[in-house]
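Taking it in order: structure first as structure tokens, then the write-up.
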Amino acid sequence: MAAVSAVENGLARTPQMGWNNWNTFACDVSEPLLLETSRIMIDTGLRDLGYNYVVLDDCWSEKRGADGYLAVDESKFPNGMKSVADSLYDDNFLFGMYSSAGEYTCARYPGSLDHEEQDAESFAPWRVDYLKYDNCYHMGRMGTPLISFNRYNEMAKALKETGRSILYSLCSWEEDFVHTWGGSIANSWRVSGDIYDSFARPDELCGCGDATNPHCIAPGTHCSVLAILNKVAPYIDRGMPGAWNDLDMLEVGLGGMSDEEYKAHFAMWAALRSPMLLGNDLRAMSAKTLSIVNNPAIIAISQDPCGRPVHLRHRETHVWSGPLANGDQVVIFLNAANNDVDMEASLEEIFVSEGVGGTAPQVAQEWNIHDLWAHRMRDKDSKAILDASDARAACKHLQQTQLNDVRLFGAKVGTVLPHGKINVHVGRHAAKVLRPRSSA
Amino acid sequence: MAAVSAVENGLARTPQMGWNNWNTFACDVSEPLLLETSRIMIDTGLRDLGYNYVVLDDCWSEKRGADGYLAVDESKFPNGMKSVADSLYDDNFLFGMYSSAGEYTCARYPGSLDHEEQDAESFAPWRVDYLKYDNCYHMGRMGTPLISFNRYNEMAKALKETGRSILYSLCSWEEDFVHTWGGSIANSWRVSGDIYDSFARPDELCGCGDATNPHCIAPGTHCSVLAILNKVAPYIDRGMPGAWNDLDMLEVGLGGMSDEEYKAHFAMWAALRSPMLLGNDLRAMSAKTLSIVNNPAIIAISQDPCGRPVHLRHRETHVWSGPLANGDQVVIFLNAANNDVDMEASLEEIFVSEGVGGTAPQVAQEWNIHDLWAHRMRDKDSKAILDASDARAACKHLQQTQLNDVRLFGAKVGTVLPHGKINVHVGRHAAKVLRPRSSA
Amino acid sequence: MAAVSAVENGLARTPQMGWNNWNTFACDVSEPLLLETSRIMIDTGLRDLGYNYVVLDDCWSEKRGADGYLAVDESKFPNGMKSVADSLYDDNFLFGMYSSAGEYTCARYPGSLDHEEQDAESFAPWRVDYLKYDNCYHMGRMGTPLISFNRYNEMAKALKETGRSILYSLCSWEEDFVHTWGGSIANSWRVSGDIYDSFARPDELCGCGDATNPHCIAPGTHCSVLAILNKVAPYIDRGMPGAWNDLDMLEVGLGGMSDEEYKAHFAMWAALRSPMLLGNDLRAMSAKTLSIVNNPAIIAISQDPCGRPVHLRHRETHVWSGPLANGDQVVIFLNAANNDVDMEASLEEIFVSEGVGGTAPQVAQEWNIHDLWAHRMRDKDSKAILDASDARAACKHLQQTQLNDVRLFGAKVGTVLPHGKINVHVGRHAAKVLRPRSSA
Amino acid sequence: MAAVSAVENGLARTPQMGWNNWNTFACDVSEPLLLETSRIMIDTGLRDLGYNYVVLDDCWSEKRGADGYLAVDESKFPNGMKSVADSLYDDNFLFGMYSSAGEYTCARYPGSLDHEEQDAESFAPWRVDYLKYDNCYHMGRMGTPLISFNRYNEMAKALKETGRSILYSLCSWEEDFVHTWGGSIANSWRVSGDIYDSFARPDELCGCGDATNPHCIAPGTHCSVLAILNKVAPYIDRGMPGAWNDLDMLEVGLGGMSDEEYKAHFAMWAALRSPMLLGNDLRAMSAKTLSIVNNPAIIAISQDPCGRPVHLRHRETHVWSGPLANGDQVVIFLNAANNDVDMEASLEEIFVSEGVGGTAPQVAQEWNIHDLWAHRMRDKDSKAILDASDARAACKHLQQTQLNDVRLFGAKVGTVLPHGKINVHVGRHAAKVLRPRSSA
């Protein structure tokens, strides 16, 4: 049987990449913001690295008109939505839009609940390619997977009826076990409350911080990177081409984490096959930020055609690994502790057998170990890209990458003999991202 | 888009304030009780400080008549309900009433389940402005948010159909995640079983006392102040103008807590934006009780137009903070321990960034720290108000307050430099309530 | 408003008392067993102490007939059910019957699910006064209170339609929060899986033994006395005249517990206002068993007209207390530990204020402390009753009791001054059952 | 009343035995694989020991045809399904088939959801005797037992309508408490996520590994033997003739566990009355593997006509026991620890009273203790069977067994006096499997 997409719209065969305004700008949206940002995505080479969705989040509408259809806020989008989409199209971007399966959006603009058909009928002629669909103000329509499925399926059907291929991105915070049914109607589904710009800071608003407290019934907001990773670990295997666990938009470059933390955040999102939506202000991006999000070796993990998320091998030590399409493996040692630690994993732990036998055949092989951050762009180079308004430096970076540059594979940093172990020293809140390649 | 109330009745833009008879009088209700109490609320200045709802609780009815309509117990209300409401109106009060979304009320009087329209049709001509709507004897109609939503929405619709603006106050003890949908149909929703007059005493009847015990399935009664605070912490952010988490009626002055505990209870309810319904016997109020509930600096927190509840920054240390409309912050150090403790919080902990950057801009500012209990009325002054039957002393107190008296802001007790910390010594079960104000 | 029964059938104003065959005889039922047992209940005085229901449990039927009605197993009941009921009536007993809200009964006889009307139509002309209604093989009809309520309500309606007053006893093991709705349709509801004859032995089949394990989803069987007490503690206050928490039938005299454990079991069931159904073989009752179950001082607690179950004041120390109709209090110190302990409770802990003020007025009174086991019948006296076939000794016991004998109140064993404490030494798995009486 | 099967199809009066391709071959299925395997089952004597179902798992179909009926993948089954079944029939096997109650099977082939009648109409003429029915891609139709029951009941009804007796095996991973309703419509039901070839290795994908973490909502995959045993312990008593808890297919011989671990795994599955489906590649079976799965003493436990699963007497020490039809008992000491331990159990712990009295009568008897692994076939004998293509050695083994060979009862290894104890030394991850037999 030919492989099919879960939602059968053919989209998101690898996790979607792009930019979304929310994490930085929240409701402060406008046509210039989207178009300026898309210009920078071209100039810095980000578009051509794969970040091709420009997604507008909440706060773009007025109240519904007398005809029941949504009206665009003309102060923010004086030329209407289709004009924005057309501009993006001309630059080879795809255009994303937002609504909520509630009476209101989360920012209390009109929601699409019980207006699904009308709103889909608006989106399609606006050339919308992507819909982020939120969960606020759901009028109590939750409590079993069936109730939530039905609510979100209304929009899935309405989008389908338009005849336009629209990537459908659920944002229901893992309520009602969305990971068990999201893939039947959508291309991705959020797995937690909203991320915030912290690696590990506990916050009472994200599932209470204490997962063993049954009073903690709120999916919450203010979820740290680590809280999200811990939450998604048991069902990360539900992600597959066309249907992905969404760990929420990236915080890289917003300022709340250290460089090592942002590297870890970015690499984990890639390896877990989350959608990769940049959330920073591209107009004020630092050299270090650019050299995280443009690392082709990490992006290659995200976009590996095999589409198999890494699994958590041990919760305590946060060793994650998973296979890649070409037979390589990706292995991440994430140090969640507050001090540097020495970490270790045997090949037997890294290659968990999927089929017969307790020991995977890879355990008996020799592996060259590649460090995927080894060829991170130097600050002066990424600064040059940001400084150059003509995008030539970015172009050069891309040309190298497209030539199947060795940098897709990082740098070889060692070898592991058959039945051997990998030992690494990992800094506080850092992640060592390795790609074992068969030496055969 | 203009801000709208969740329930779209325009009420409770700040948390409702007033008095409810239950905590002191339970079923011992009567017209004289309500009218005498309202008289004291005027004379002590409480009405003009904002306590303007007089809410009658359970036990006011007879059985339904042959026509299916509720009959008022004439022994308790010989002139009928409208007469009570008229008297209250003449004194600029609003009148609150009680029923239950069950076959019975909690005290086993006739409930409104399946009689919603009839009962709303009774309430409106009685000039009812407020309905507390309870959860006892629900005939099994719970178990998913959708089931509970539908049950409570019946009364919402019935109230709306009367054409009268009636504040709708749900009392379903957080069953079926009411915090996720209550605001769509009501102005407030209870978050726990009934409060009782204890700060921290564990009681097996309040969610069992041990929140990690899955056998603890009863929302319960006998919930201490601390149990309620812990329960609401993860979703306190669901409160907003027009729709509030209800932590239950106040116990201040009933006798079961120390003065420091009552101060902490009162301040926390205000800062968390709970409705503020006095529950004590106003005819026997002490000077110390009055000087708690008439503290304009605390009431100003409750009624801040911004309407953003403080958040729990650290569960272990019970540091809560949140922003105010004028740019000030409120910070509470609550000492839940059984001995005095030294507590500390950095500006970085107090000002959690809501948007871009891990560090809020306020962290880099200098702040004057104001103690909101500093200008608590002296005992002799509050005693004078209580003794004076002509309310002149109260009036003077109010006049000062209305002149934007400095006492709205307590007293300055220190300064914190940019990136600095606040250190306080807090007594057992006390709360240090501070209002940092920018020194700029 | 006049007090009404929840289920409005006027029955079980105090918890039902009687005998049920299951714990001893399981499926080994017959007409002679019921009639012989009832004869002993008369001769030993148990009937006249209040044990007036004789309840037949599972296994009495054949398959349904062609007409869809249940057929009685003629090998067990050759004269039919009505004949049994008639005999019991002649001796002033009431007759109880069993079925299940499933396709089968628990022993896999025909169940009443989807046959409720037919079966009620059988029970009424058989003079059935009581229906124990079980939960096995429910065809998946559970999962929300509403689903379970509807299933059990079918039989409630069917019983009502017969026009006969039939005590309705739910046996759904606390599934779907029956304590929140059982009282709307029934006179009692089971709160746990089946009891077994052990005081504290953990068993993996009773809610897994480890209440903090979320995998423990089975209400289970093999529930020890202590497991049941711990489970019902948080909602024991839902019991009230006409509607009781059912802790399952008594194990007293079956042999698996010590005399002290049986005394504790019996006293706790009485004080918690559970139905009191003897489960032992009365034909082989020991003197010590009889003197437990015929203790008028304990039965008086069970049948106190006030009907307010004792509450658990502290889970760790298992101090329970509650008020009685005449102003006395019952206080139980239950020692759940494996060794003797000294226990203590202050009047402030014993008398928890229900209304205003943290301190109940009783704390300021002086109390005479009565030990309700002090006048337990001596072995030789209870043996004499069991030996005497003419019931004269029992009669004498009863006459004394009916004269408001001091033994209803046990014996005074001390006095507590205002604001004082009670100190007791309690043996392993024993319960000290005290009745403080005002010395005023 | 005559005993009836729960699902009333008369099948699986003892747990089904056979072979399923999934654990070894996953999607790599074909007619030759099934027929070669069945040939080996004959030659090695496994068929005649009871392994008589050959079950084809996922991946056998093409897309649905234009008529809506499933089409067999002709590259894998060129002669169609009926031809496979016919061949198996000729060799006295029964034929098992697979589908899923979802839009897809787990491997994303067409599922039977909303096609139940069509697919049952396909299976019956193909001579299908057994249907494993999976749970992937359920379109959100879960969340209460009622929702899941209805979904699985659609296929139950469709199978019944065909008029063919088809063993119905649910694979819904214990979702929605299937153990409470599975037996009403099916012959077995899975109790966990998929097993993997490890005795105790924690894996984040099996219910998260940490059962006390409420975020662990995924039934998961990669469940170790020990994880499954712990999960099923509280409701293992729901298994009975015709309706069994299914602990998933066997991993014996796949290579991930030690010989002692496989022995323990096999014995526990037998004693818990799980279906016994071999999952290894029979074409490459070792002598040690054969001598585990052909141990008649263990198989006799599995197929004991009494059908009462052993119960866990103590979670910490993993002592399991239960009764057998002839009055013997089976007792298993499972050592879940990582080192050898001395274990002990008294007769009182082993024989838990089911009826009257805390002490079972067996406690007062003397017992001969038999070790059921004592007569495990010697390596050279099992190797001889595997080497012999004419099956003569196997035949000899069977003849001995069928003569009620003493090996059905293992070997006597000791005696326990009345009220005595059993003491054993148990190796890491081993299980001592004993069968006490009355010495009377």
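A few points about this structure:
Letters A, B, C and D name the chains as they come in the text, with residue numbers starting at 1 for each one.
Please note the rule applied: contacts are C-beta pairs under 8 Å (C-beta built on N, C-alpha and C of every residue); 3 or more make two chains touch, one makes a residue touch a chain.
Worth saying up front: this structure is predicted, and the values here are computed from it rather than measured.
Of all residue numbers used at the contact between chain A and chain B, under half are used by both chains, marking a mostly different-residue interface.
Summary of the copy comparison: rotating chain B onto chain C for the best CA superposition needs 90 degrees, to the nearest 5. Averaging Cα coordinates per chain places chain C and chain D 41 Å apart. Between the Cα centres of chain B and chain D there is a gap of 58 Å.
Annotation for chain B: residues touching 2 or more other chains are 143-144, 147, 207, 212, 214, 216.
Only residues 1, 3-4, 6, 143-150, 153, 176-177, 179-181, 183-184, 207, 211-212, 214, 216, 230-231, 233-235, 237-238, 311-315, 352-353, 355-359 of chain A touch chain D when the two sit together in their complex. The residues of chain A lying in touch with chain B in their complex are 23-24, 26, 61-63, 103, 108-109, 137-144, 147, 196-198, 202-205, 207-210, 212-218, 220-222, 254-257, 280-281.
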